[in-house]
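Written below as structure tokens is the structure these notes are about.
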């Protein structure tokens, strides 16, 4: 059973392969120019900072459903160790093992493939156990700093959080933009709030992941039309889960990452940001969300910060 | 053999215990106010961004000398896996094991202890294998965004990099500030460039670590006098190594982290920043260097970005 | 609240500190002499081999209740990689992260401490993050080969498995020995079957761990009286859990490991062995259960084999 | 450049595909029957045990040359932790990350492939990041207990260790068998001693790996003719390295693992065994070398023990 025509039709419309040259590995992040950054900086008026990462810990959001995607395991290799002899200064060191997509993270463009292809038409076979992603690994992205825009879909609809079967549509995004009196522009990083992360924060890891509101297969066209640089939200799967179209799993991943070459973020905690934007009456801000440059990786934990 | 009087004397002068209350866990980062951030933002005039992290990879800066501090090990748990059946969208997932202090990193305030104490006078015994740092773990630091200042000591002295036995003094810092026509202010994050990271980038991991130029035991007083919020540099050990005073190992760690409660960063790649600041004729910028919030950790990889 | 008199009284009776000298680190394994091994070999009459380890995998017996004790995480670093060029022989390599006590394992004698002491009266402070166990680490045990004896308590009582609140007593052990027509001798390794592992094998990881039948606080005296070299069983906690005496947690660990210096094994799969012994009508066999010599470790996965 | 005719010719002669049925995943281990085990047991006359594993530790045999094959990293997650409250029994727990082929190990039959095939003619594509080896993973091998035979090539030649360019030939194996007055039989596990591990034990990890004596491409026919069940030796690469035939890398791996389906072991410490066999005047013994059953793994650490 090949991918359905409905999907392939959208894929064709949002495709960015070749748009920034054959050699390109970073996709829509090309849209973040120095000028965009200058405008982003201008949004940081109050100096108020809001962190957007969940704590990295053993009882993180992963429930074991995605094989191998393990929550961070923290262990000590030195505790107050006087490496150079007694009566000297002591140090403590730790190590960690984690799934790169296990917590608040960015998917690299290579995280998804379909029909044997990754972003810019390259072969999915360029991902190997030896070295990971040959192209478009997360280490190829030097920085993610731009104007951030919060599209607070839950707040715009007057609810704490969207129900588990709510697929966020382009109309919902327009409504949230209007609610925030903000215009999404080329190079923006859009944060879409569902409120779903509250379920995890309340202790229900399973309920957080499934069922979950998330982006509809119709939203990639909206992001494409607005020339958005990256999108993140506060859910485990990013897109509505289970999916809208029977047996079409992860279509938004394929459209955003493979076709458009647009970075996707998941498990972002947008609760405090919602409050801060509401208090400020402004839904645009400076956003820094730097990938950790793991060589060849298909994802990375990220500790984003919004400056209002 | 107790710590020498010379050390204890400086310790007393730079001590910040109780300055921000008994409950404080973040030390000099308290100096970064909204106003400081507004001033920091004002430095980001051109929109030019400069990343400061080294690649996270198996042949990173660690040479095996520090027990347990391992370079990142990257491995795949999914490669183009069609989790939901054939002919669907596929995903790739990876896991990593790394020493939290192995690459470009921040030391948490708990990374060092002396005489049984950590920052703010707490017992070093509050660090355990079960949960890590009970106080002042890296997850307690919500954000690191401030004005960054590059003190390009190597450039100020007209050399590519400082010799391995050069202990950077307060006078060197003043000279570099003058060279950059910049005044260090309360809440600034100071980046001190030695050029030493070139040794690693040229392929000599052992030569990078030892011998290495670095900060003198006299610098903590300078940082204290200027009310600096954090300091990072481009060496493995931060301070001059081997140390200036025989058998007094890691005194700067003890003074900065334990006594002052000032965040320290190591293995930052300041080469491109040196070029960019030189070209711009400006050595102050907006700096975002967010810790990954590993719960109870005594350090964190960091992917800093300077916006000029 | 110190440890109760009841515990301290047994502790005194079973204590082996100094029995094999002050320098000893292996405890009751000293009882396995060449002669014992020759007798053990004589039990291997049919050549039938029975493996006793559970599969090492992500959905192993750990349910997350014991902090940091993670099931094995398997990941690939090479898949059919032609390291030396195209058209050559290819190889695959994998890495694993696991809790050393997470699966079928031996506890090292250092795994437990009480009142600040480990086996042979050494300070518990000799266990550090830097290097692990200074004494009695699992790597100190060169081999575990001896006569194995299955005490099939469940079979002796005519049940598939013991109920969750059944504390196995010395009388139960005698009954099982009689059932198997076997006499426990000095240097034997005793395997005690409860049948509890069936709960895990049936898919109920939580029910496997709690509540669980296991050894009573009265059994260490029995093991001591018989000069047993090591004991293993088919439960998560080894001893009855929750414990028999309120607020006295893990007393059997303390008596076996700390006081006697007797190796303990957990999560052994004794189901096939029960069948094999029943069919053979013999409950003694040659047992090889070699620790993996992880330096300084307080436990090890083990893949035991019985030869009947 | 395809594999040379010389290789393909040998491959055809030693091929065992289909010999134990299409469904077979364990190859020559089928040769270890109950009868073979009974004969093996009969060799354990004195009860003397000799362990054959190197310590598992951070400064193990890996030097970083094989990407991703990391030495064991040991870290603590509990140190004397009183999980159930103060004044109770305390426990210590550790975790480890290691390359499954990093230390004294068995290669699974899937560890090597050539021309797209693994043992028994299956597709090499059955090895994936998701689940590892679909066939012939190390967990498929329930036990490795048989008669062990030491072919002490170094001792037979009257040298401490073979020179780095010595390719061990069938004639060398015959000479060593004669030296040990032992006849290799069907189902035996043959241990071939070069003495090379002394280089590692003396602290020279690089010299240990390269150049290294090892088995010649001519030996698989000898093993095949004798119906050997498994072979291990005391080198990093098992076969002579660099290889005998230019640009033909790892031919012995391909012949043993892929064509014959014969388990291979590396980094075994045969020094004490050489002494013990010399003292006993007997070079056959009972050998237990149980794989840790890592699910889907292409190798496993092993702690073998010989009983003379």
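Order of writing sets the chain letters: A, B, C and D. Residues in each chain are counted from 1.
Everything below uses one rule, namely that a residue touches a chain if its C-beta (ideal position, glycine included) is under 8 Å from a C-beta of that chain, and two chains touch if they have at least 3 such contacts.
Model, not experiment: these values are computed from the prediction.
Enquirer: Starting at subunit B, what is the smallest number of hops through touching chains needed to reach subunit C?
Expert: Counted as steps through touching chains, the separation is 1.
Enquirer: Among the remaining chains, which ones contact both subunit A and subunit B?
Expert: Shared contacts of subunit A and subunit B: C, D.
Enquirer: More C-beta contacts across A-D or across B-D?
Expert: Of A-D and B-D, more C-beta pairs in contact link B-D.
Enquirer: So subunit C and subunit D: same face meeting same face, with over half the numbers shared, or different?
Expert: Both copies touch with mostly the same residues.
Enquirer: From the mean C-alpha coordinate of subunit B to that of subunit D, what's the distance rounded to whole Å?
Expert: Going by mean C-alpha positions, subunit B sits 45 Å from subunit D.
Enquirer: Taking each chain's centre as the mean position of its Cα atoms, how many Å separate subunit C from subunit D?
Expert: 27
Enquirer: Could you say which residues in subunit D touch two or more other chains, in rising order?
Expert: In subunit D, the residues touching two or more other chains are 67-68, 70, 73-79, 92, 94-95, 97, 128-130.
Enquirer: Looking only at which chains touch which, which shape fits best: line, ring, star, complete or other?
Expert: Shape = complete; every chain linked to every other.
Enquirer: Can you check the complex and tell me which residues of subunit B touch subunit D?
Expert: 58-59, 64, 67-68, 70, 73-79, 81, 92-93, 97, 128-130
Enquirer: Touching residues of subunit A toward subunit B in the complex: what are they?
Expert: The contact residues of subunit A facing subunit B are 1-3, 33-38, 41, 44-49, 51, 53-57, 66-70, 72, 74-80, 83-101, 110-114, 124-125, 127-129, 132-133, 139, 142-143, 145, 247-251, 253-254, 286, 288, 290-299, 301, 303-305, 307.
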